[in-house]
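Two complexes follow with chain A in common, the first pairing it with chain B and the second with chain C.
Take a look at the complex of A and B:
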């Protein structure tokens, strides 16, 4: 019964489509270039990677089907868990400052300080630099003997810090340079949504006798909720994919005692240095699953908050 | 006649007007939020100046280092103005070696090709999804949305093997083509095209224009802002992309800027002053572009970052 209704509906849609195609012409040819590149460079690699993950590949590329052996090995591999842990740690450590600092800076610029172009230049310019430039500048600043940071730390009377050599500090150093490099992007997103808040809301708050903090708290921040969810989500996804900064900073090594090696680098090392491409693929898909789980969990978390706020 | 000549050109007037509007806007916002209070403004300015200093200092120090000799750079105490004055020696060495310029040229070629291809491919697809009909349109669009979720970084191994099979390792096309798949940009174009008023299109359809004419002569011209936004965003990403060019190229003649620069340290040991000089040269192109097109770039990041909201 229900299936026949569905069929009827489908039939009706087909008729509508056919009529519309007659009127508008089919747009299918316009899709061909995208379909071609998407199939070649995204869909085929995704499927091929799945197949690879069930095989054992060597340098010669001749591999045999090994079933779920690679996945079993990955789950028992402490290095995979350690590098996955590093990646998640980096994501947590970088997302919080990248959202908060961006928000505060955007608010400060927005509350009416002249010379917007200058502040934008100061905060956003680093985002335009190639990652290798950023890392080189910061390894110079972080140099433990003649580096700028340690010099001033010692001038204040503190001990010098092994920014890139100390196990407890290295990840923070990477976070610092990442925040410096990319916060401008989030800053701009915040600034543009701040500018989209209608003046009317502030005028109404003024009439109600709200002061500065009250306006920020009750008008500005609620209006920014959507942007915050977006910025944080984009940031979590971007941070999970971290690779470049660590790889360049440590010349492809893994940092002090492996403390900064992200999982993408472990995948890279496994696939391209040890030529175990099947195993690397299996870990890629485990990582993909982790990304999806984290993203979905994050979405659900922010959604419930949003719903609650609507009820209020 | 002479009065006309004395008038400033219209675009200068327009820019002055825009600037005045922005100033008025800033004043209005300030009034709305902070009233007449001066203290609040001063505190805000101080915090902002302090943070901005933190953001500019690393760059300033890098520029400063690039103008010193190696000995000056590594001698204590640190000085902004070295004894014996600044030198352009590092820049001369970098110029003479010339590799930075090769890398820059490669990056420019690759980023430009990626940008042009991505914009064309994604605009066409966005148009197809937004303003035309065909069987399976919804399903294909849903699939495109799903593809946004796939992080390209996890595909390095299968993609590398595929490129190897296609004989594209160590070629420009090998670097360029995989970067042209941008389902997110298809979505952004579709969202924008959805807002183009149907009436403009209907008028052209009555005149007998086909889809191609409509796309090229009607929809695309009114969508210039989004084309510019996507182009700028894609260009910046391609210019700074490290991982894929690093994996797919070994030949130093084909290296892009991020890849080439990351090898400098290995090849020459630790020579900071010279490294900073090449880093500063590498940083220059996009910085100049940003200064020239600040508003457009800011808008581009805002629109593409917000997913076409």
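Take a look at the complex of A and C:
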């Protein structure tokens, strides 16, 4: 008796397994294109890159295995450290405004300034532009001699600023154009999570006598914490990958005194302009490690805060 | 619920949409292939694919020359591919040559040939075959021809020489009392004289006297620096695996002179390439240092101006420049008919290079530059001597137009000229250090 129940159960399990296999079988064809693309264009290149980083590979041929020489050279290369510094600087300088301004913009739209459709469009539209267009427009605006920005600065009686030519200002200019260009995406993320906050919470707060600022501080911002972590993390990763803006704004050069060249451009220059693929690969993997470290550290930091707030 | 519209009914299913999309994709691709059949494939003409880097004013002139050569040679058709100049152009060219399926013909800078030829990226020109098409070495100034020979092999044929010039506004210079009786700017025979001229011009313009656009632009820095360095009579030798041989004292003099000029009074230290063109075009400065290819920009600006080679302020006449050359990118399987057509194209372009002078360049073909038609071109004829004074960036695998090394040089020079964070000595030491770093690396080959 018990054995027949066991047999039945086994039978049922077999059927379930067969069904699962069948499901998997019918799903596999949909998986194959992704797997093929991932293997061909992601996994193989990543592994090949690791191999390259241990060789003296140039565009014209392979100079042979050199062990960790490329890594040793990279760690002693002041230009790599300088460009890595530029990248990190840009990340810090751009992430803060890209999160804060997006939040302020979303709040302004959410609390109902008139003409909402217009603000949504205006805030998001720049994000749709290609980077080449954005940089071209802004390099004209920033032109120290004939640019629109300096024209108005001089109209109000101030000295003109070397937006793209002054060592201390050039990076800020790139930050400004990047914020203008991409803040719309973060704005949209914030707006949608603002709209997801239950009205109940605001009603309860109102009953308790909370004013506008108290509600923002005690209801809105805590409710947005998850979004903020997401936006900030995405932003840190995106900013670390910066390349296009500088490359186009300075015609592939390195900005005044090299002050704006990000590490990705140095890697590109090394690999594709000087044809030293092996060395460029080694620097890529060093940078890869840096991104992992920064992202993990950032995650840990935000998680700790969350845990603390749960204890309260 | 009304039966007026049932979701899904009468609508094409997903499968239908997908197959339709695939079918139309296939047919579009087919149409594209058919559309790709040009005159060359259908009739009895040989196509020559030519990659070049001329855009803007240059590009129009180059296209017109190709059209002329096309019409003069009914048996061939040039199929041009235009790419933006600089690092990316050379990357693409190198990659196509490594793959062995490169264009039949390409334009590049003479200073980049050194980095290309030893790696096997370029096929050599057959002198006999060139002569059959009427192209012989005596047609060219020896200095240009020699830059096209690497390890005894002829890997390039020069099209022109392009120089880093001094453009000057004749009205403003006249007001400043700088013109000689012929109406030409002269007397700039020392660093002090050039700076004094700039100061006199600044008084006339009420702004700055001279503009030099170089911030964030390695090519401009290199043009100015190496040109003046060779004016001191010094030499530079770069041999991989050895230290760079450079005259440090003279290099410091040159660096200091440019810093003195960019004092905010004579010239703005904070100016980029576009700014220099704008300020000269609008008469806010009376002198600008710029490549001859910007001639058309200034002509369009409607100012009265002339041009000359870099004034000899350090004692030895020298004008920095480079040379556009024709090369045969390496092909694994050479189609001899197409290769012969490539020789024909080069011969045709050289013969028609008087047109090329309109773009500001000095044609390499001496028959053209010695002709009376060329002598009538002003200001082109006024800087024809650039050919004799030609100096190039010191040759090595990592130097040359559009190289990453130019950006390296710019970083250290700008630290002296722009922010003053290092002095002239520090900048030169930084340059030597960068040269030594590059020389210590294995040349890619």
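Throughout what follows, the second predicted complex is superposed on the first by the 286 of 312 C-alpha atoms of A that agree within 3 Å, B and C clash if a C-alpha of one lies under 4 Å from a C-alpha of the other, contacts with A are read in each partner's own complex, and residues count from 1 in each chain.
Please note the rule applied: a residue touches a chain if its C-beta (ideal position, glycine included) is under 8 Å from a C-beta of that chain, and two chains touch if they have at least 3 such contacts.
What you see is a predicted model; the values in this text were computed from it and never measured.
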Partner chain(s) touched by A:236 [first = chain B, second = chain C, both, neither]: neither
Touching partner for A:165 - first (chain B), second (chain C), both, neither: second
First, second, both or neither for A:273, with chain B first and chain C second: second
Contacts of A:251 with chain B and chain C, given as first, second, both or neither: both
First, second, both or neither for A:131, with chain B first and chain C second: first
Contacts of A:37 with chain B and chain C, given as first, second, both or neither: first
Touching partner for A:146 - first (chain B), second (chain C), both, neither: both
Which partner reaches more residues of chain A (counting touched residues only), chain B or chain C: B
Touching both chain B and chain C, residues of chain A: 61, 143, 146, 251, 272
Residues of chain B that touch chain A when the two form their complex: 22-23, 26-35, 37, 40-41, 44-45, 47-48, 51-52, 55-56, 58-59, 61-62, 65, 73-78, 120-122, 124-125, 127-129, 131-135, 137, 140, 144, 147, 149-162, 177-178, 180-181, 183, 186, 205, 210-211, 215, 236, 239-240, 242-243, 247, 257-262, 264-266, 272, 275-276, 279, 282-283, 286-287, 289-291, 294, 298-299, 301-302, 305-307
Residues of chain A touching chain C in the complex: 56, 58-61, 63, 79, 143-146, 162, 164-167, 170, 250-258, 261, 269-270, 272-276
List of chain C residues in touch with chain A within their complex: 86-88, 90-91, 94-95, 98, 119-121, 215-218, 270-272, 274-275, 278-279, 284, 398, 403-405, 407-408, 410-411, 414-415, 418-419, 421, 441-442, 444-445
Chain A residues within the chain B interface of the complex: 14, 17, 20-21, 24-28, 30-31, 33-35, 37-38, 40-46, 48-49, 52, 61, 101, 105, 108-114, 116-133, 135-141, 143, 146, 148, 151, 180, 185, 188-189, 191-193, 199, 202-203, 206, 212, 215-216, 227, 230, 234, 237, 240-241, 243-244, 247-248, 251, 264, 267-268, 271-272, 277, 280-281, 284-285, 287-288, 291-292, 295
